[in-house]
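The next part holds the structures, each set out as structure tokens.
In what follows, subunit A forms one complex with subunit B and a second complex with subunit C.
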Partner chain A sequence: MNQRINTAPGEIGPWVLLSWISIALAAYCLLPWTALEYGLTDFTKEEWLNALGWKFSKITLILPLTLAALVPFGLIKLPGRGTGWFFTIASGTVIGAVLIGFVTTQTSMGLGCGVVMMCLAALFAVGISELGFQRGDTFIAGAVIFVVFMVVAFIFFPVWEIFRNVLFTKNGEFAPLQFFQIITSFGVGRVVWNTLMLAFTVGAATTICGIVFALYSIRATSRIRVLIRVFYILPIITPPFVVGMSLILLFGRAGMINDALMFLLGPQGLFTPAGAQGIFERSGYIYGFSGIFLAQVLSLTPVSYMVISGMLSSINPSMEEASLTMRANRGKTLWNVTLPLLRPAIANSFLLGMISSAADFGNPLVLGGEYDVLSTEIYFSIAGAQLDFAKASALGLILLFLSLTVFFIQRKWIGKKSYVTVTGVETSGNVTPLPVGMQRCMTVFVTLWFVLVGVLYVSIFLGGFVKQWGADYTLTLSHHLELWSKGLGSGAWPSFRNSLTYAVVAAPLTTLVGVLIAYILTRKQFWGRGIIDFGTVLIFAIPGTVVGVAYILAFNTPPIEITGTAIILIITMAIRAMPVGIRGGMSALSQISTNLEEASVLQRAGSLKTIWSVLLPLLKSTIVSSMAYSFIRAMTTVSAVIFLATAGTDVATTYILSRVESGDTGVAVAYGSVLIFTMLIFTLLVQFITGRSRTEKQVKTF
Partner chain B sequence: MKKISAALIVLFLFTSVTTVFAKGRLVVYCSNEPFACQAVADAFAKKFDVKVQMTRSGSGSTYAKILAEKENPKGDVWYAGTLDPHSQAGVNGLLEPYASPMLKEIGEEFRNPATSKQHHSAGVYAGVLGYSVNTDVLKEKKLDMPRSWEDLTKSEYKGLIQVASPQSSGTAYTVLATMVQLKGEEEAFKYLARLHQNVNQYTKSGSAPGKAAARGETMIGIGFLHDHALQKSNGFPLELVVPSEGTGYEIGGLSIIKGARNMENAKRFVDFMLSAEGQEVPQRVKMFQVPTNVNANVPKEAIRLDQVKLIDYDFVKYGSEKMRSHLIDRWAKEIKPVKR
Partner chain C sequence: MTDSSIKIVLKNVSKHFGKVRALDGIDIEFAQGTLTTLLGPSGCGKTTLLRLVSGLEPVTTGEIWFGDENVTGLSATRRDVGMVFQSYALFPHMTVAQNVGYGLRVLKTAPEEIESRIREVLQMVAMDGYQSRYPDELSGGQQQRVAVARAMVLRPKVLLFDEPLSNIDSKLRRSMREDIRRLQQLSGITSIYVTHDQAEAMAVSDEIILMRNGTIEQQGPPQSLYHYPATVFVADFIGESNIITAELIGSGGKRQIVFGDIKISVSVDEQMPYANGPVKLSLRPEIIELLNSNPNADQRLKGVIVQRAYMGPVIEYSVETKAGTLFTRVPAHSHQFQVNEKVYVHIHPDEIIIIPENDDNN
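Moving on to the complex of A and B:
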């Protein structure tokens, strides 16, 4: 028995145990055991000293003593599985004791405590791997524990807090019927109906537009189809609400198009026919369903295009050729052969559109008017005059339930099927062109679309340079000067710097955890895999606003008290971008044969070594593009961070939104255009460095 | 790959913060407009060489935050925001009584306005509720200038009025409470139903209608007139109207949080904000509320309290959580969903 463990691949020597113990000891002595009162970026020497464990409370001295007592056990070898059992039990007990200590005294954990816990978890991983978990592979055991910890702490625990707020009253009494009381106290039916209605129509419309674009880009013979290949990039680099903002510039009450119509057909218009005095009046038609619908269709169609075109390009043309040989015309072939073949992609795009629409927060916030949807209603029950956490939680549960349902339908019916063909085989060039009349219609449609999108983006750019859109079109630099020229400490700089910093930290974190999860899910079978699996489902399906509410509820009180800090924003950004890392990792790993790893393991390399020298080089491009894309998502995300950003940790998107909300459209679009521009340059840079358009592939993992 | 990581490292260094040390600290919870909060925090920090940490959020959320931190207060002083939640915090024993020596310079009714009457809070500014009319649009439409709350329900103003939703805005709640105090609850809701027919949009933020009126997106915007005065001073064609029936107003509260960790600096801050010098700070960033210090310069754009008809606003009754959610829920159920 002993023999087998000794020769197992990835065997670790006593120095590993000792180094973890000494890191823990050092962290205990030097780093703050309890949370610093004013945060990690802002402390005095005295506050730091006071937060040290031995100064805080003498009881904590038990910890270093216990750790010291572990040292001899790292050096000697206990008989049988003794070492394994010993470290598992010892570290497990200490972790439990520390947790209980913090919870019962209602103290917040500090950085030092975090490091100590991490070391203890590592010792725990060593212990259970000695006991045979993961066939004695310490690295994998550690990775599993790390991933399980992340999923439990940052997904299950916050979601549970939502449930707790609904199930229990403020005084902690169990009140299972509270949910129904809350949702019947105001018109929740209308809000749910609005959300569903919007999600359904947006899903349908994006799918139809997606089919048109896919057919056009792959089957049409016209020139402008090349343009479609670049337009997928726009929604990735644009913060979600900027499209809504630009719609206001064009169609708002003082928008350009309304002004023009006023000028032509208004009460004093040029072409007002006699007897029809003022057929056109300024109105707020863009605020409400029509506006949100338009904004969402504009920003979600490229996703649906990517899904459908991926499948379309992998359809074997021989089917269609057969149909044509049987003397069916092109239209009939398209309808009876091509579209049915696309069915899974169409269904997938429809469901994706539904989920994204229901989860979208920025556009309803900017354009909503009185059309309330769940995501904005959640936000205003916390951020508004009410501050009702129970109501926010109840609404959050409804939204979570809706998107989980759609997600499971998608997974059950279509699942991976639609993704298989994405990188499908090259088909021979003999594809059926579109029917002539249809192609003409589509050309008109696509041209109109591009003109609209073009005008929208131009108006965002120009909006930053005119004094007051709609009232005074004098060119001015004042918006940009207000943002960028008032020194690094004010204007847009703090939020811009925060966004960059957090995104730079979050991107590698996302990629690391994402790829680890993908590795564990594709390569490993073990007890507890279900936890990770369900955790990833939640990560994929949970809408941003729900994450925001859950995090406020979970992390505002000890033991993990991190609201208002940069840490929580980084974690939120990482979790929000996690699907990218996981999907990217999974699709890359499923293309790599396990033979390579087996060969490496047979040569007695441990799994750390195997991953490092076999898998990582193969995954390099996935990792780079996943990092880049997580960075972009972190920069442009708004739904979750808006709950968590405070004065000191304001990020670019929340800053812009607050300016939109208070009506400073000029400043907001000025900032927005700079942000889009930065992202565009970054994307091009990454594409240049990685040598080819990786982002195109990444966008499918939306 | 290396290029990226090098670039990222540079970026990270560039963005990392530097720490400065000063004489003591102060944590301010601020419920004013962000730029006013920043101006006040900077002014105090500069004058007393204190390291000020400012957290801005609405008065409702700040109250909830202080309540949540009752056992272990994180904030020291709470500046601005409507008085109601300050009052509530005082009644619930979350605030430290402090009769500042500066109170002798403060107008009588603002010295101790809160419910508890134990100097838990002082009034730091006052703002009058009303509406502003875009005169360009008024001319274009050839309409008469409205002068009262009742005028706003006339059918010729259909689709021309904007006001915030009380579900998200404290300003709009003041409108709601003012109407109830002017007319009684039943009549007030009948009035709001008629007004609803003329409203083109309920905005989320309380200051948005004034800005929309300035741009001509709407003809009439209801809100606190100091927000609108800001737009007017930026050159927009606005006329500010204080309705003839009388109107409500808000008092900005200023309170010290019980158990503040930096009590000395908190008291110093209260003294500073009650002094003429402190109250003139927000004016520099164009916040045109009326200062409560009698010696402070009243900005010429501000609406003076002694020149308009104000109702006897009951801050105790209408500041209570129960009344608040009752009125807001009733509005959301009876007024908001009605077709127009």
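Moving on to the complex of A and C:
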């Protein structure tokens, strides 16, 4: 009567082992064992054949023989835990031997080697799961190994390379004091001070603006508050340096404001009497601290708004009502009850603002002028002729340290603190409106903000259609024609196509790994989980420029030599966008009761089936939005990719920046506006599609 | 089906979470075809024990046997266990039929058989006809019944219930627990039921295991736990009880207990020889009678009513006496007392439960 099937769910049949072994053998025979000179996209038959393992070197013949020797062990069942031990030790040894081989001979791994290693890792996963790891669940064991590999190879190893560059001399001698020699050889104090100054003021300013916007959008009775709900999309879809560019168009030396002042008040304008010094002197006051500050506040405030409004809308209105019943007026209630309740969100937003400001690269690059910050200083120590990797590493370390410190403060002291009590009981009561006077002031502020942002975006759009901003405002299509009409092989097309291709590959990859990490961190307890946990912290905290430096250092030499290829750009984009996937996955998974998965397991489903049939359908909207957001991030990111993009793998953002550097502002702005427009349409499309799907069932959990 | 049922045996099972010992050296045998309740306050380890049996949680040490099969090393997927969760854990994106048929599809059952099995099991829980509904379109009680159907559809060797009624409103609870009891007896599947509600435990169980701090406090049929609590904790947890201190004196079959300022003769079971000396008494509210006159002074406690609550069919009183404050419940149609009124307290001697003073922490 009871259903019985030959292989119990979750049990490994011999065909699993045999298929991994045969894939490995096939990869060894057919795919290049060592890296091809010009990558996988450009090779001759000759090169391909020479790179094959059995052609390359006789010593690699040991590998297929070893693999063949594994076959019989896949068919027979060793007594006790024999099979488990056998495959753990055998595949572990082979992986280690191959790695040592590549490192000692300073050879770069090829695709075939990658596939073979993957198969060996799978056999290793079978081995350790047979030994009881993850309670015998091979799929989870494999996923854990995969994630650990990703984290070690693309986070720990590159970060270690930065340390190695600082701690060891070029000859490989250990020199712990080298770090201090490097950083004292130039004005590091000023750079660090600049960065901290900027981070601190930007953090404070974005938080205050975020509070205003949050209060206004949730509590005000005015109509324009609906605009706020749209405005946070803009910075997401705008490449980070474009705000800086538009500020130049508006406030720069040849900017509209300056022109208008000169037109109205003569050649020196209102604020620039002859010989005047000071911020309004006509020498480009937008370059330097004030410009970066303004650009960062404009682009980071929406983040702060989201953090604070999220908490504001979940405050139980009855607390404010209680205050009102005790004779406090609206203003007092706001000051004594509402704002203190928001304290965790405020602190969070401040620290987030600090991290983002310190990590920002695009705006300081465009607007920095004489004002050096860490992120640009890192770039300039490698870019151009200098190529000072030790200095870049040292600065990278300082930036990473700052960012990690702030991140840990946020995580340990604020991350979990919340006065918002989730009881599951519907909260009733009306939210307290803002005091009248305050609302008026806010209306003025918010209106001014929108006017400024509107003018900025309009100037980006128009900038692409005038001959020479500041000098010749004749309307022209020449910039756009230069970009888009000179055939698919020139102008903007190659970089645009590259961006699209890489982003399309990176988005699913980052979502897959991000959600897997979130799944492992929320659902699984095991020895070694700390590795993934710390890797996640690094992924969250590591600034883009540091990733750029680290990847150049790590992947420019064997055994993994992938700089200059598309692969490294895709991986970089994936890593940069991964926090989105992890965060989305974690919050979605914490909404899904583990009982659902347990119920599935008790219905005889293995973990793969459970994830496929239970978790994935429930995570669908998270996955879609994470993919969309990762795609946008990949399209607009600049900080890390600027180190890694080469002539052949130029992407949209790096192309725009190179045009800015060569002075073609018109072309750059034209491209930028097209990019923003594309992203806007994409975002609206995604929202339209996800908004319409009715298959989403509310997940009820207790 | 009853002949296919198995017994479940736990041998010296322990479960540690880090340094916390959630369960410590548990030995239990769940007789075949019975429903056993794990009862206890929250944190006593009852849900952990259930999860160990299900295989969702691995044991730290010890063995679990289903019949003559050692299942300790088997994961939940391979154990052949059905479970009803406190939150029901119905898949929100699947219909009732898809929920119930999930395990059948996993086992690649033929589609026609899946459909008939779903109908059969839904009929058992009176939910046939709801196949195409989604869980959020059902009431709590209906979701619960679907969850029971899903747990039973694979005809598991063992059925587990984790506080299945705690999310159901109190009026429905009675009929739901009767349904669960009926289905369990009908199927004859050995079942374990976790609850913290002693009344629920008494109503559904063949046997109750009262747990406390990760160990078993007492095990037996409901009546024996009620009438013969081994410890103060059991007396207090099962039913309502006034626990007071007393002294046991006398010898042989003629012994007396002294408490307050009275002495009552009791017949002590020869099988359970209590040593003379200090003991605890458990006095159920229903054996305490209040009188306004005193025909037999030395057998009655003098007291004063300190609190009175009208509950409809009964009235609850708190009476202050020399033996402590006693709580009692009398039918509303009998004589009513007022607060501060002096009364005489009569305790039925045969119903007094004597618990030896031991190293019990209470």
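One rule holds for everything that comes next: the second predicted complex is superposed on the first by the 651 of 702 C-alpha atoms of A that agree within 3 Å, B and C clash if a C-alpha of one lies under 4 Å from a C-alpha of the other, contacts with A are read in each partner's own complex, and residues count from 1 in each chain.
Keep in mind that, in the parts below, contacts are C-beta pairs under 8 Å (C-beta built on N, C-alpha and C of every residue); 3 or more make two chains touch, one makes a residue touch a chain.
Keep in mind that this is a model prediction, so the values were computed, not measured.
Legend: residue contacts after superposition of the two complexes on their common chain; A:Gly136 is shown touching subunit C, with no touch to subunit B.
Once the two complexes are overlaid on the shared chain, A:Ser490 sits against subunit B while remaining clear of subunit C.
Of the two partner chains, neither subunit B nor subunit C is touched by A:Lys391.
When the shared chain is aligned, subunit B comes close enough to touch A:Glu661, but subunit C does not. Using the contact criterion defined above for the overlaid structures, shared-chain residue A:Gly252 touches subunit B, although it does not reach subunit C. In the superposition on chain A, no contact is made by A:His479 with either subunit B or subunit C. Comparing subunit B with subunit C, more residues of subunit A are touched by B.
Interface residues of subunit A facing subunit C in the complex, by the touch rule stated above, are 1-3, 5, 8-11, 135-137, 593, 595-596, 598-606, 609, 613-614, 617-618, 695, 697-702. Contact residues of subunit A toward subunit B in the complex are 37-38, 41-44, 106, 185-187, 190, 252-254, 267-268, 281-284, 287, 365, 368-370, 380, 382-388, 468, 470-471, 490, 497-498, 500-501, 504-505, 556-557, 564, 620, 624, 646-648, 658, 661-664, 686, 689. Within the complex formed with subunit A, the residues of subunit B that make contact are 1, 3-4, 8, 11-12, 14-17, 19, 21, 25, 27, 30, 33-34, 37-38, 53-58, 60-61, 63-64, 68, 71-72, 74, 140-141, 159, 165-170, 172-173, 200-202, 204-205, 207-208, 210-212, 214-218, 236, 261, 324-325, 328-329, 332-333, 336-337.
Across the interface of their complex, subunit A is touched by residues 4, 54, 56, 58, 75-78, 80-83, 85-87, 89-93, 102-103, 106-109, 134-136, 150-151, 154-155, 167 of subunit C.
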